[in-house]
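There are structures below to look over.
You will see two complexes here that share chain A, one where it goes with chain B and one where it goes with chain C.
Let's turn to the complex of A and B:
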């Protein structure tokens, strides 16, 4: 079975670890625990065309500034999920910086943008249209909720399909 | 630093015991060649030679074995946080894992705290932004409300003007009719009384609504002036007594034993309005017995009580009925909209006093007014003999018959009414209906006094006065209007008017106003009082 390293990137406390936990273990905890360094999980995804792909998911510590260490963690990735917190519009700008750093230092990789915490309807201030305008090269822009599971599975599958549609040399 | 061999061994032993290293030698195809060290700590104890390392250690997916790599603080499957080092070899690579869980725990706690503080700051910033947005929205709403309130006030003023103008004509003409009819038949007398009563009631309603609107927008200004309190109370009592007697009530009023100060500084018109409101209210709700107006002067405070033998006002209702458009539960079929008491309270407060409602011993209500007032020496200094002679000469020069009046009024009913009133006061009177007709009139003659309505249909009375003054007109100008709004008064004075009167203007008030203005002008300029005189 084919396998790929993917990263989940974004500012701190946007819900990256929660999204991975929802996807890998179908669990959610509302307790905020800062990720320091990186945590690696794996999960296999079955695609619509019958293929399967094993994902090694690097849950990288949140940051709004791409450091050298951050870039070392992302080296070798075939794609990534870029996460913003819809209740904190400023986290979109962190996504833009991280995307630019990855594309500039490594190479442009396929990525899917996730506007997370969509369950907090009354507090959501980041609209998808703004994210599309700021990150026009994303494979997709999804509104997700690790709490409800909304679009979480879909996000990983979109990325998997996106990575597999690229020639092997590009991933 | 050169270390003895034994020390080097000790340090090595110490490092190994703390770092729990696990070294994996890999072939170029990621196949495990050899595993040494604490493999179980990292979940690698099941590794066997030849196995793909990526099956047991997923972080190796995507890893280039030909490049040296180091990843600090990687959480592995056992929950241990490891420092991962990959060092290329000619035949593959070495993979070294060391346990940094202790360091991770310490740094994680610090980072957790920092992130939580950042989140709180972010929330605080957002809350402040929301507060600022809410404040801006409130300000915008307030501006809208102010604008709506302004429109409402102008509307009420306009409506009031429209109502008061014909009412003034009705009231004035019915008075004229009464004067002209020397021997009125009972039928005519009855009709005149009905007209006077109905129009008077309508006028008081309109006045109250306008006063309330003016109070709400701060447009009701107090005009303190030297006031003879004794005269004010006597006049009020004389006015109210017949109304009480009409309802078969006894009206009691006695001058205070300690007397009242000769002169105080207050707004006599508004104080009289309050007294009339309170007494009128008492008469209205008392079916038998008496209504009593009493007054006391403490040296600093005027205490007024209006007591009645009516049903009284339950304590629970006393505050409420002092609010606009609120009436007591025992009002029965009495007419009214519930403004008189509210206006009275607001006027008394504007004058610096207070109004409270109580219960009369023996039954009934009592309205108590406390009003701090300043006693003043004399309203007018007495004239010396020489001044009296000069004054007499000036007054002689100011005979009304020598002072032509130009009445500028667009309402035919009011124009006809005041033509008679002004003539009856002894002044020759000419009429104009708008600004253009005023200028035409001025081409042939210059009046000594011009009376200008503020609202002249297409023309603006204040603008006419301003132009007249700019053109050099030096005679007296009296502005009037059915509007008592402070803005309108100020506009007329700013344009150059010498006085402002609110219609309906009783003949006596017009007479007194003109007399005072002429006296003042005479004192200022000698006998050459007016340009046309």
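Let's turn to the complex of A and C:
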């Protein structure tokens, strides 16, 4: 079975770890525990065409500025999820910076943009259109909620399909 | 037409031209032309080219033997050739390889069997030993199998698992596990985290090309060998030698040589790495611990003997020490209980010194201890002090007050009780004391009486002396003088002993009344003469004397019944100087016997009458005139007076 390394990137406290936990263990905790360095989980994804892909998900500590270590962690990834907090529009700019850093340092990789915390409907200020405008090269733009699980599975699946259809070497 | 002409003319001209050209060439090129021709012939002749290439081929291959590109280029055709050859004629290759493969296979099988046998031996050996029991407990506690515990404890080291990890992606390319090992929960996550940690370390220690080399996990080690493209991580149980690391590094180098291209383009697709697993399996080596110590077996007998001797020695030492401590404790107890001694400091720091306060009147500490060895061992140091202990205080009071023996001194707390009789002067001195002796607050004199005032009267009443007996008291000693009956004297001790305050009784001046009476009779009887005529015939006037003597002897016998005095009467026969000596001796004997017979006839027991025919002396002058006589000599042995009770000097009976 093939496997791929993917990263989940974004600013502090946008919900990266919660998304991974929801996807891998189908669990959610409202307790905030900051990720130090990186935490790796794996999950097997069954694709529609019958293929299976094992994802090694690198949950990289949140940052708005790409450091050397950040770039080291993203090296070798086949794609990544870029997460912003919909209640904090400024986290979109961090996503743009991180995308540019990854594309500039390594190479352009397929990625899916996630506007997280959609369950906080009243406080959502980041509109999808803005994200599409700022990150036009994303495979997709999804509104997710680690709390409800909305679009979480879909996001990983979309990235997996995107990676397989666009091998990194051909991007 | 012109064309054709031109053509003919042209043909004729070209032939001429060619000849001219050839001539010019010959002139210009000369020898070179011939060489060029020869070269062209060589190039156009395939056989010749093959021959020449064959000649250079071996040198060319030799020159490029180390070139990876050349090797890679050759790999495929060689593979194809071998494959083709095997397909066509497998026997040929098998025959060719047999000399190499045969011994290798035999050795591999032999090693495997040896390992299995050794494992079984160790498992069986350890399953019935003490060590085995311990390992079974360990297996039970840790929830692992017994075989695994045996292996853990007998293996020097074992590479349990080998993981090949792609450096860039952190993805697990391939892994191999030892048979006894169970797979990890998530090898991919482990690989990725290990890569992340390596990244972190390399980032943290800037400039360091080396990354993490080993991680200790309980009793296991994780060795990490990082190559340019891939990392080999090995889980190792036990204590691996350094040489193992070099061996593993060689394996990683071989993997890089074989899969360099595949590593570079790896994105998660593991299919190009199908041949990696056997190479990783080769990394799973193991080495057993040298168990010569176990096999040789420890000769436990000398150790057991040494242990027993040690235990016995320690036991004996402990016992003697215990006994010695008991003696020391007893000594301490005696010192603490002894009046006039106070233990101030008993063997500080476990030494020998003992500091005591000692009253000058107290017994010496060594004497109190009564154990000469202990007393000699201890360093007994004394400091003087005045004791208020009752026995010592009483002793001091006796020294100070010098009381008469009749007095009894008692202490009731600080109250001195004086009881008994004392001379008037002593009592006066006591009353005049201004400073009471130390330890005494008050003196009770209520039981003190003046000596001699009523003791004599008490004695008089107690013994009821017969008239003629005089009683005197001197320093509480009763003196008796005068004539008294034997029975009274004999019964005197009991009433005298019961008199309080009396310290003694002197009866040596008493005279037994019965003895005095007997002495008077003896005096009358002694020397009584009985006159004989010729021969042994008593004269007629002897009868009255014999009667008188018999009466007096009866009186003595009556007195002897009351007082056990000794009574013996000698009857001496005398004779004149006529006749032979023999005749005279016979006559004297007959005369004494005659008197005894006469007295016996008058009721006197003849047992006390002893004939004395030869007294060994001559009759006195007055008797010599009347030598025809016999005489009585009475020997009275007076009885000694019975002892009377005398009080000892210290006042105790």
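The rule we apply is simple: the second predicted complex is superposed on the first by the 167 of 171 C-alpha atoms of A that agree within 3 Å, B and C clash if a C-alpha of one lies under 4 Å from a C-alpha of the other, contacts with A are read in each partner's own complex, and residues count from 1 in each chain.
The rule is short, and it goes like this: a residue touches a chain if its C-beta (ideal position, glycine included) is under 8 Å from a C-beta of that chain, and two chains touch if they have at least 3 such contacts.
This one's a predicted model, so the numbers in the text were calculated from it and none came from an experiment.
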Task: When chain B and chain C are modelled together on chain A, clash or fit - done: clash
Open item on the list: Which partner chains sit in contact with A:13 here, chain B, chain C, both or neither? Use first/second/both/neither.
Closed with: first
Open item on the list: Is A:78 touching anything from chain B or chain C once the two structures are fitted on A? First, second, both or neither.
Closed with: both
- [ ] Name the contact category of A:56: first (chain B only), second (chain C only), both, or neither.
- [x] both
Open item on the list: For A:141 in the superposed arrangement: first (chain B), second (chain C), both or neither?
Closed with: neither
Open item on the list: Output check: A:2 vs chain B and chain C. Expected answer is one of first, second, both, neither. What do you get?
Closed with: second
- [ ] Check the residue A:68 against both partner chains and state whether it touches chain B (first), chain C (second), both, or neither.
- [x] second
Open item on the list: Output check: A:88 vs chain B and chain C. Expected answer is one of first, second, both, neither. What do you get?
Closed with: first
- [ ] For chain A, give the residues common to its interface with chain B and its interface with chain C.
- [x] 3-5, 37-42, 54, 56, 58, 69, 72-73, 75-78
Open item on the list: Could you list, by residue number, the parts of chain A that touch chain C in their complex?
Closed with: 1-5, 37-42, 53-54, 56, 58, 68-69, 72-73, 75-78, 167-169
Task: Residues of chain B touching chain A in the complex - done: 54, 58-59, 61-64, 69-76, 81, 104, 107-108, 111-112, 115-116, 118-119, 122, 126
Task: Contacting residues of chain A [partner chain B, same complex] - done: 3-5, 12-13, 32-34, 36-42, 54, 56, 58, 61-62, 69, 72-73, 75-78, 88, 90
Open item on the list: Quick check: in the complex, which residue numbers of chain C touch chain A?
Closed with: 166-172, 186, 188-189, 191-193, 196, 199-200, 202-203, 265, 267-270
